[in-house]
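Following this message is one structure expressed as structure tokens.
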Amino acid sequence: MIRFNSDYCEGAHPRLLAKLVSTNLEQTPGYGEDPYCRQAAQTIRDLCHAPKAAVHFLVGGTQTNLTVIAAALRPHQGVLCADTGHIHVHETGSIEACGHKVLALPSENGKISAAAVDAAIKAHYASSAFEHTVQPKMVYISNPTELGTLYQKAELTALHEVCSAHGLYLFMDGARLAYGLAAAANDLTLPDLASLCDVFYIGGTKVGALFGEAVVIMHPSLQSDFRYLIKQRGGMLAKGRLLGLQFEELLCDGLYFELGRHAVSLAMKLKKAFQKTGYELLIDSPTNQQFVILPDTLLKSLAENFAFEYQQRIDASHSAVRFCTSWATKEEDIDRLITALH
Amino acid sequence: MIRFNSDYCEGAHPRLLAKLVSTNLEQTPGYGEDPYCRQAAQTIRDLCHAPKAAVHFLVGGTQTNLTVIAAALRPHQGVLCADTGHIHVHETGSIEACGHKVLALPSENGKISAAAVDAAIKAHYASSAFEHTVQPKMVYISNPTELGTLYQKAELTALHEVCSAHGLYLFMDGARLAYGLAAAANDLTLPDLASLCDVFYIGGTKVGALFGEAVVIMHPSLQSDFRYLIKQRGGMLAKGRLLGLQFEELLCDGLYFELGRHAVSLAMKLKKAFQKTGYELLIDSPTNQQFVILPDTLLKSLAENFAFEYQQRIDASHSAVRFCTSWATKEEDIDRLITALH
Amino acid sequence: MIRFNSDYCEGAHPRLLAKLVSTNLEQTPGYGEDPYCRQAAQTIRDLCHAPKAAVHFLVGGTQTNLTVIAAALRPHQGVLCADTGHIHVHETGSIEACGHKVLALPSENGKISAAAVDAAIKAHYASSAFEHTVQPKMVYISNPTELGTLYQKAELTALHEVCSAHGLYLFMDGARLAYGLAAAANDLTLPDLASLCDVFYIGGTKVGALFGEAVVIMHPSLQSDFRYLIKQRGGMLAKGRLLGLQFEELLCDGLYFELGRHAVSLAMKLKKAFQKTGYELLIDSPTNQQFVILPDTLLKSLAENFAFEYQQRIDASHSAVRFCTSWATKEEDIDRLITALH
Amino acid sequence: MIRFNSDYCEGAHPRLLAKLVSTNLEQTPGYGEDPYCRQAAQTIRDLCHAPKAAVHFLVGGTQTNLTVIAAALRPHQGVLCADTGHIHVHETGSIEACGHKVLALPSENGKISAAAVDAAIKAHYASSAFEHTVQPKMVYISNPTELGTLYQKAELTALHEVCSAHGLYLFMDGARLAYGLAAAANDLTLPDLASLCDVFYIGGTKVGALFGEAVVIMHPSLQSDFRYLIKQRGGMLAKGRLLGLQFEELLCDGLYFELGRHAVSLAMKLKKAFQKTGYELLIDSPTNQQFVILPDTLLKSLAENFAFEYQQRIDASHSAVRFCTSWATKEEDIDRLITALH
């Protein structure tokens, strides 16, 4: 069985494991207050050209999303996001469990526009009974989105401007950030994210780490007391250095970006094969997640050797499915899949 | 600097790291639904003589405590625990953040008695306005406690009986379980825990794993839908196999218990040295945490080479401090400390 | 200014006030444990043919909704409702503040169908990652709905059957129940509600009381410990008898139903006037809320003498607005409005 | 049965009822946005010499406490209070249900001192692991306390200074405020409260109103968006004017203070009778709640004609009980009780 069902099927890039092994018996303070976390945080600040950023390391995406949002919002405030947003549909109501409504907006290819956000905020305050509805205070986007698509710099800038104008925080979930930065269509850089977002994270779990998300907090209000929230929500890893070590290794010399390029390059090879073979794409994704419409008969035979994720039924004999490449995908496995498509 | 300030200063036992390395590029399903988690769960059921136990793996202790308690209680219910209990004093109000009051009981050496629990429950129902107070529905204990002490089988049996009689759940935090099981004073076994507790966990973070706590759920009501809660609270590790792999390695042939014995044996050596040198113990702990009262002058000089945890001021010139040994403690480091005591 | 903007513009029906005055200096126990609450609860059980129902009195609708839902759900569970449902759009995220996601379903005229509920539940369990999404455990409907429409007995029976089949609770918000029961199109009775719903309430605030909602709990699981929840959520009125007295007066001899008929009869008179004058209805409502599309010029002149609620823009020169009648509406005021329409 | 078990056994002062009756059929906007609420708020600002105060009216005490605290705190913050404080022991964990820990301090006669608060705050920040514990951010006191005692102006000033110095909010629960202001020992005025507290409330439920608490918010941070919180927590009364009308009647010409003096005067008569008869007081209360130690035999015979509240067992044959007077207590009933004591 060759797995393309997700981008977290393997362990970690060997360099990260080697680093864990070589430092294994060192003694350090716990809870992220060790030299490795400090060093990784500084590396991130440097890469982001953001000397005042607060950087924290958490274990996983749901944990990161809920901790950031719980830290940011007062009880009557909610977070605007795409109706396909991960926090809305795939985190078991974790944001609501923190007391906050997810204010879902209709999305196009997984994205929401500044205009839609602006309209939602204005509609809130235009209501004569606005205090009877949840106050929008944050915008959550994923980049790449859950559908593999990307925000362009102009789109992110527009979101930033709408948020600034209305006093909302802009939060970017970067669980697959490397796969976005590596895309041909991408025009965003880490310093762009640092200047346009109030908080965002650089995902490690899906890009070569055993686990880990590096949260970069730009807005001073969001920086305050953040470690209390990490601890309270169960996200403070006792051996926090495991996170610092991995991120430092990923980021010290560009490995993170290289892993991104590897996955995207293989995804593009697969995408071209779909198109060449005549299969329609569900979404035109420039990143490591590829959504394609295939005949059910083909899916049945593919399923004997390949794992992929079912998305939705298209018609009586076709379904859309997702194939993910990752930092660990072998080109020979992509070739086997392409062969099996024929 | 030699660290005795906690039992999570190092990484993992080399055998666990080796296992992670050797399986690193295997592809498995995520979120704990892999063969390694299944195998480790079965090993735990076998060790506990509990074929119907549900076993889940979480990353850390605070996360485990809050997930178990949130899964167990209705909103008006609270959890009885020692006023020194970890959930009451060292988890940033994580239980309250889930909506539940921690009902602290006066403790002796970190422990609460069945009689005190019984009295608290009866006092609740005896009140004419009992619906105006939080309903006790769970008892939380740590074993070893935060002060290194142990529950005897008779004490745990009495707690079990009180809980059963009143319909409360009995929950044991076993973050340092190995260090309890290895103590000379211990008369409890894993099968005892499985038959006396409704839910407990076998701590890995402090006993040789990079991270990880194995939750063993005995009570059928608590088993229901538990994975939803893990996901919602941010505790579902994408690469869940990392937990299964580590616990299987710890438990397959007794390594976990051996590591416990190692730490306790060195702690006893240290304890004897304290006593021999004439220093008074704050608490008579039979496990890996040792609490001793030392002159401030000595502490100042020790602090140049050793890390330990400050506990409390005793008098104008003495303080109580904690020294922890662990699976990774080297006998030579204990010897250095003992030498420095003189 | 004549107010048709809501059905809670006045105080209480004079008979209720008289009852409060005549009993004012009596001394009773507090918190709803007085003879008047007991009597009113029995009257409700009798009217519902539900001798085992638990009846509780709360002050207002949002409070009632959040208390019932918080009492019913575990943390990972959510409540299905129409996307126009009051708990989804007009209660400032009160359900999310209790930790639960409102699972909004597309609605038609404010209603959801058993088929849509069934599909949502099946979709949840059909997902390979169902534990990553909120588990549906309750269905919330309003009757009359927020748009004045009604559930027919066949529709409610179908919802009941779907809920029973899948183990969900069916909860009916009856804030305007009298105005539904009085409608010509209605075919439901209180005993029907008691046999088809797991919990529902009989609204007083909008039907002649100063305030008050009578919650009727049929399902034994929901009955358990409900008073703790009322107290915890701030809904336990110290002088609880004020609620019992008002409900007893409303229900002892049919006043409640008479007030319903009064409001609906005047609403029908207004509706006919709209239709006769040639104005289109936004919704064909058989109850006390009437939604009509009027020219903006007319609305401007009406606004000088009448209060109504703006709903939405229809086109460049027309808007939909809501007019409410109530137990207190005077026929002469309806006549004035009708005259002003011409 | 003559009831002295609480101060909310009757309805409302006749003047308030008369006001409700005379305005009953007026039409006003809902949710507290009516002229009566505006007028009452202005009356309160005038009485407090606090032109910038925000004034809101809620129905009951638990609701008020939880709404104020939920509005004020971030998730990792808690509220310091006496271990006898109402929010700690008699509100079914309502504060915890909002996510916040109540940080109970040992109390003396129901009070906490500025020194104890200062010590608790300093202990928090002195900890090397302060982020692992709940951050104190508010101090809650009741005045009169749950034991009938009072804060002197010097004590309140000291609390104010400690709170200001450390950035905590000072919140006073004034559910029985009139009974405090009327006490001979009192040296506080409403303007004092407005200048020393960040938020406090003037209790109506226990002092002549059917229900109602008037919240006075001084601190600008706490004023922001408060109405959202009221709505979200179910405390926004549809017919909000009922609150405005009652408070205006209570406060427009001093009725509130007169009712306070009435109750306290009768309480003092009763207290003197206890002392004269030789019964020991449990607490030396200068307000309307009197706590006395009586022989169980006497209590048994008293219980045939009088209701009072059991407090605690004192010895094998004596118990402490509470007798409350109120705005509605008749002197003849006090005389009957005094006679029965002999």
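By written order: A, B, C and D. Residues from 1 in each chain.
Note that in this section a residue touches a chain if its C-beta (ideal position, glycine included) is under 8 Å from a C-beta of that chain, and two chains touch if they have at least 3 such contacts.
Computed from a predicted model, the values in this text were never measured in an experiment.
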Next on the checklist: For chain A and chain B, which third chains touch each of them?
Outcome noted: C, D
Checklist entry - Comparing B-C against B-D, which pair counts more contacting C-beta pairs? => result B-D
Next on the checklist: Report the chain whose CA-based centre is farthest from the CA-based centre of chain C.
Outcome noted: B
Next on the checklist: So the centre of each chain is just the mean of its C-alpha atoms; given that, what is the distance between chain B and chain D in Å?
Outcome noted: 42
Item to check | chain C and chain D: spacing of chain centres that average the CA atoms, whole Å | outcome: 33
Checklist entry - Taking each chain's centre as its mean C-alpha position, how far apart are chain B and chain C in Å? => result 49
Checklist entry - What parts of chain D, by residue number, touch at least two of the other chains? => result 75-76, 91-93, 97-99, 129, 131-132, 228, 231-232
Item to check | Residue ranges of chain A in contact with chain D within the complex | outcome: 31, 70-71, 74-76, 98-99, 129, 131-132, 135, 225, 227-229, 231-232
Checklist entry - In the complex formed with chain D, which residues of chain B make contact? => result 75-76, 78, 89-93, 96-102, 128-129, 131-134, 309-310
Checklist outcome for this item: As the complex stands, chain D meets chain C at residues 1-3, 5-6, 8-12, 14, 17, 20-21, 23-30, 59-64, 66-67, 91-94, 97, 205-206, 210-211, 228, 231-239, 242, 307, 328
